[in-house]
Amino acid sequence: MRELTYRDALREALREEMVRDKTVFLLGEDIGRYWSGAFKVTKGLAEEFGDERVRDTPISESAIIGVAVGAAITGMRPVAEIMFGDLTTLAMDQICNQAAKICYMFGGQTTVPLVVRTPFGAGVNIASHHSQSLEAWFMHTPGLLVAAPSTPFDAKGLLKTAIRGNNPVMFFEHKLLYPIKGEVPEDDYTIPFGVADVKIEGEDATIFATLYMVHKALAAANELRKQGISVEVIDPKTLVPLDKQAIIKSVKKTGRIVIVTEDCKTAGVSAEVAAIVAEEALDYLDAPIKRVAEPDTPIPFSPPLEQFVIPNEKTIIKAVKEVL
Amino acid sequence: MRELTYRDALREALREEMVRDKTVFLLGEDIGRYWSGAFKVTKGLAEEFGDERVRDTPISESAIIGVAVGAAITGMRPVAEIMFGDLTTLAMDQICNQAAKICYMFGGQTTVPLVVRTPFGAGVNIASHHSQSLEAWFMHTPGLLVAAPSTPFDAKGLLKTAIRGNNPVMFFEHKLLYPIKGEVPEDDYTIPFGVADVKIEGEDATIFATLYMVHKALAAANELRKQGISVEVIDPKTLVPLDKQAIIKSVKKTGRIVIVTEDCKTAGVSAEVAAIVAEEALDYLDAPIKRVAEPDTPIPFSPPLEQFVIPNEKTIIKAVKEVL
Amino acid sequence: MPTKEKLIEMYRQILRIRHFEEKVYELYGQNLVPGTIHLYVGQEAVAAGVCANLRKDDYITSTHRGHGHCIAKGADLRKVMAEILGRKTGYCKGKGGSMHIADFSIGMLGATAVVGAGIPIAVGAGLSIRLRGTDQVVAGFFGDGASNQGTFHESINMAAIWSLPVIFVCENNLYAMGTRQSVVMKIENIADRAVAYGIPGVTVDGNDVLAVYEATEDAVDRARHGEGPTLIECKTYRHKGHSRFDPATYRPKAEVEEWLKKDPIPRFKAKLQEMQMLTKQEAEKLEQEVILAVEEAVKFGTESPFPAPEEALENVYA
Amino acid sequence: MPTKEKLIEMYRQILRIRHFEEKVYELYGQNLVPGTIHLYVGQEAVAAGVCANLRKDDYITSTHRGHGHCIAKGADLRKVMAEILGRKTGYCKGKGGSMHIADFSIGMLGATAVVGAGIPIAVGAGLSIRLRGTDQVVAGFFGDGASNQGTFHESINMAAIWSLPVIFVCENNLYAMGTRQSVVMKIENIADRAVAYGIPGVTVDGNDVLAVYEATEDAVDRARHGEGPTLIECKTYRHKGHSRFDPATYRPKAEVEEWLKKDPIPRFKAKLQEMQMLTKQEAEKLEQEVILAVEEAVKFGTESPFPAPEEALENVYA
């Protein structure tokens, strides 16, 4: 099958949805013809669809989301880009109090078909203000859906689902995934939210991993397999809704779980997954749960420091061995 | 001993610290002589210390925190008030990217002795934008300390510790606690962060509860005691640092834990506590962990709806019985 | 000059708002209104003067002090009242309450209780109009206090650069809670801030229905013709405290009295009579109708059931 | 008019910045600089002209494009370079990098990589000065792009109402990444926004060291005497792309060429010579000294060790 990068897969989804539905439009800082997005996801789209539908904005994150909300409740389907996930901090009211709550507060009178795309993640030495992973905040906000594709295939299919849906979706990408290649069908396909992928089946332990960590988990699983340890790797693909059943089913099989996410450990995504298992699959656990996540520090700049705090193949392997 | 309301205990801490240390000052919307704070915590302070040190601000949450940060790194000890916890959404960059990370990013060159006081909590029918509990977001942000006093005694002692410390502290109050009375010594005392209170000792199960939920947990424990069930109630008092050892110790004793918090269940404070137990005390658990929290909805306005979503004595009792 | 029909319509609206709000005040005195409440009494000329220029398919966004905006845009008094009382029959099924009323069927895009948060949403509606290619407009209401929020700045700038059909209506009632404008702003006229965005800004007497009407008429006209946004500042005053329990002692007595004299309702009534647009009898008849409608709303609201507790779990997602 | 000493000092500073930045450019060509980088080349007159008015105990806040601010405020080139290279000997022990340099010993309160986030922090330093009762001042640097952030509005308003000793320095280099000012603002002069806060706003040629110096001199003078803040807009241009890999093709060639002609360094040098403040020999000597200092910084930086990995866990809390 044809291979595309994650970046190109995202762009293809945007492009096809814009062709399909005239109410879909994009807005964000430097997404237009002059820069094409900080990670070039929107390259060529302004040229194809014009500056009205691929709209460069001022550096005003709060208004970007607020404007997208206003457009979403009046018949449009905006896809807003926040250049770096760390900058969602500037738009938390519009995301979490407005976009997330409008459907509820107004008794279901309106929907908010809005997608907010933004990249998270460390690994390119751009320090504390450009490297965070903040998925947990949005998981903790009812009214939002949260997507977190780890492959080009998922990126295209989930983004299409997000754009066609009627709820606000936080669509999280990872900086290191953009250049990654994978098979992407040419045809129009969507991927349902809330259905996890079992990336590798295994018997001895389960690894739950998200975004870029899926790839590190797979590498770790491969290495472990060589050592005679069979690991099952689960990628939830969306965090809200979260495919609890897939997690529980795997734990029932393996009796052990290592949860690998790039966000900070305390009160992060991994805490929720651990809590679900402790609440709903405790009896199947043969060993304590293990979280592999960023220690609770901001992301430092210098390469050796940054590499130290990001979970990696080795720390994952170590954790798996600890639960065996 | 003398009894004070939680509100008055907070005010006493502020007042005494302002007398003790000229670098302590307050800023926030309507905290001054004209209104005395939405919950009257700062009543009389502007009259005593003047408008310069009890500073009314424009409605500019982001700048309130940013200005406090700037003052904190240049020799002052600001105590900023955000009128409702829901409005921290407007200042997340200043809180989580600036205040929390400045010490780290700058390699420890400066400290950020800043306290942000704000009330959380539902129960007074002021709907989705004035009733949330968002502690988990700040627990998930390294660099911040998080205090959550449940009694007048703790309110005074923890606030003094917060003001005297050199780290940014998110100091969370609860609307329904302000009128609650309790013993408060007249003398100057501080309460260390990271040391939980065992509010009642018990054998059959542990309840971990925070803020207003501590009182509901105690009521539930009393009721259960009448039914012959002995419950231990733990109040962490601070969420960062969190007294893990106290939780683990209690679980070792009781083998069962119900975690009661008012925030939304998914990826909330209760998830972190559950994860800690699942990671570090799994072998002592005789039953699955149970979380009692707000279901994942915004807070509705109408009284029957609101009461439905807030955890209460009954839902706590039910949960305890489920783990027995 | 508006037509006679428009004039009478505006008079009806200010009366509807006034009587409605006085009733809400009464009801919460009887402990029938849960939570807090921010009354619009005194500011009626703004909502009425602005909304008289709007079509049903035009939009508005609103604030914590939003009953007047809803009513002037044409909302059903019964459903507004029911919502304020937390009933299932309210606009938002009791989920929103006083600070979160919306009626999408008349373009009332909802009130937000976060000060300033509605401003970018109004701009978004303006952008939507532009992208859909209709000739609708949107009026975004907000207070003097809100004009110090970052969203004010970001939003007006965006509307300006994209020349969107938005009328920014700043209701300057001199106070944000207990905070006088002069404590939080060095400038006197908030409309002067329009300069920062290169758009027209006008300050009008917000207690004069006609002044508000005319300023809005110009702005709406420009907006419908693609000439972009306007910032209109309406100087007005709230007669009551900020919210439920506020005695408003921070306001000098003389100031309150002076403003009570400028009450928009008797002023507009006198004006209409002077213009021979409204006879005493007509005025009385109209007022009676309004009183009846408000009473009906109260009856509807108070007799409506509360939502069932489990409904709290509905509408989180579409 | 500044003293001769000041003039020479400013010339030295612009040279130091220029040579330093050219070296950083070279080093990242050699892949020695981790992450991204935003060079100050072309804008030197702003940092130098502003900081020449500041005492050591005055404060500045800075941005992602902050090397020039650090250097002009008097930072040690070696420690700036070491930080940019991620070394343990850098100002922030390698934790901050190019976008997060601070030197609290000289009142450099740090660079933030969130556009606009430093503005309220500058105001907070101003408030601190006022409360501590000193006669310090603070200069907050930010870009044209940052002036569309809500923080710009909220912060300047606060500084204005409290009459704080803050100089808001907007470095308008015409672009925010690839976005031309005219795409995101209808107004031409950002200093016009001062009207919205009732404070003075001035626009100056940001490539003219003396013009920047003089505007700042006035502003600092007012600030030190309790007369409140000023917004100074410096029109300037960056010679390189926005960041590491930016070829800056969005800028018309003619525009770039025109601005290169306005390079602040030869202009100021010619001016000094015309004023007979600097002989050719002196200029050469000075430049040699600067080149040596920069080389020493490079040597110091490149020879310094990286921090040990576990140091990542330090300094999260005080």
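To keep things simple, chains are lettered A, B, C and D as they appear, and every chain counts its residues starting from 1.
As a convention for this text, a residue touches a chain if its C-beta (ideal position, glycine included) is under 8 Å from a C-beta of that chain, and two chains touch if they have at least 3 such contacts.
These figures come from a predicted structure and were not determined experimentally.
**Q** Would you kindly count the fewest steps from chain A to chain D, each step being a jump to a chain that touches the current one?
**A** 1
**Q** Kindly list the shared contact partners of chain A and chain C, in label order.
**A** Common contact partners of chain A and chain C, which must touch each of the two, are B, D.
**Q** Indicate the whole-number Å distance between the mean C-alpha point of chain A and the mean C-alpha point of chain B.
**A** 30
**Q** Once you find the CA centre of chain B and the CA centre of chain D, what distance in Å lies between them?
**A** Chain B and chain D have C-alpha centres separated by 40 Å.
**Q** Between chain C and chain D, what's the gap in Å when you average each chain's C-alpha atoms?
**A** One centre to the other, that is 45 Å.
**Q** Distance between chain B and chain C based on Cα centroids, please, to the nearest Å.
**A** From the centre of chain B to the centre of chain C is 36 Å.
**Q** Would you give the residues of chain C that are in contact with at least 2 other chains, written as numbers and ranges?
**A** Chain C, residues with two or more chain partners: 92, 94-96, 100, 112, 114, 148-151, 154, 157, 161, 183-185, 316.
**Q** Quick check on chain B: which residues sit in contact with 2+ other chains?
**A** Expected reply: 57-58, 60, 62-63, 86-87, 89-90, 93, 97, 104-105, 127-129, 142-143, 296-298, 300.
**Q** Could you classify the connectivity of these chains, where an edge means two chains touch, as line, ring, star, complete or other?
**A** complete
**Q** Can you name the residues of chain A that touch chain D in the complex?
**A** These residues of chain A touch chain D: 29-30, 32, 34-35, 38, 56-60, 62-63, 86-87, 89-90, 124-130, 295-298, 300-309.
**Q** Can you tell me which positions in chain B touch chain A when the two form their complex?
**A** Touch residues, chain B against chain A: 62, 86-90, 92-93, 96-97, 100-101, 104-105, 127-129, 134, 136-137, 139-143, 240, 242, 263-264, 266-272, 274-275, 277-280, 282-283, 285, 287-291, 296-298, 300.
**Q** Give every residue of chain D touching chain C within the complex, in rising order.
**A** These residues of chain D touch chain C: 148-154, 157, 160-161, 183-187, 192-193, 195-199.
**Q** In the complex of these two chains, what residues of chain A are touching chain C?
**A** Spelled out, the residues of chain A in touch with chain C are 23, 25, 52-53, 57-58, 60, 62-63, 65-76, 78, 93-94, 97-98, 102-112, 142-143, 145, 165-167.
**Q** For the complex, give me every residue of chain D touching chain A.
**A** Chain D residues touching chain A: 34-36, 86-87, 92, 94-100, 112-116, 145-146, 148-150, 176-180, 183-185, 250, 306-313, 316.
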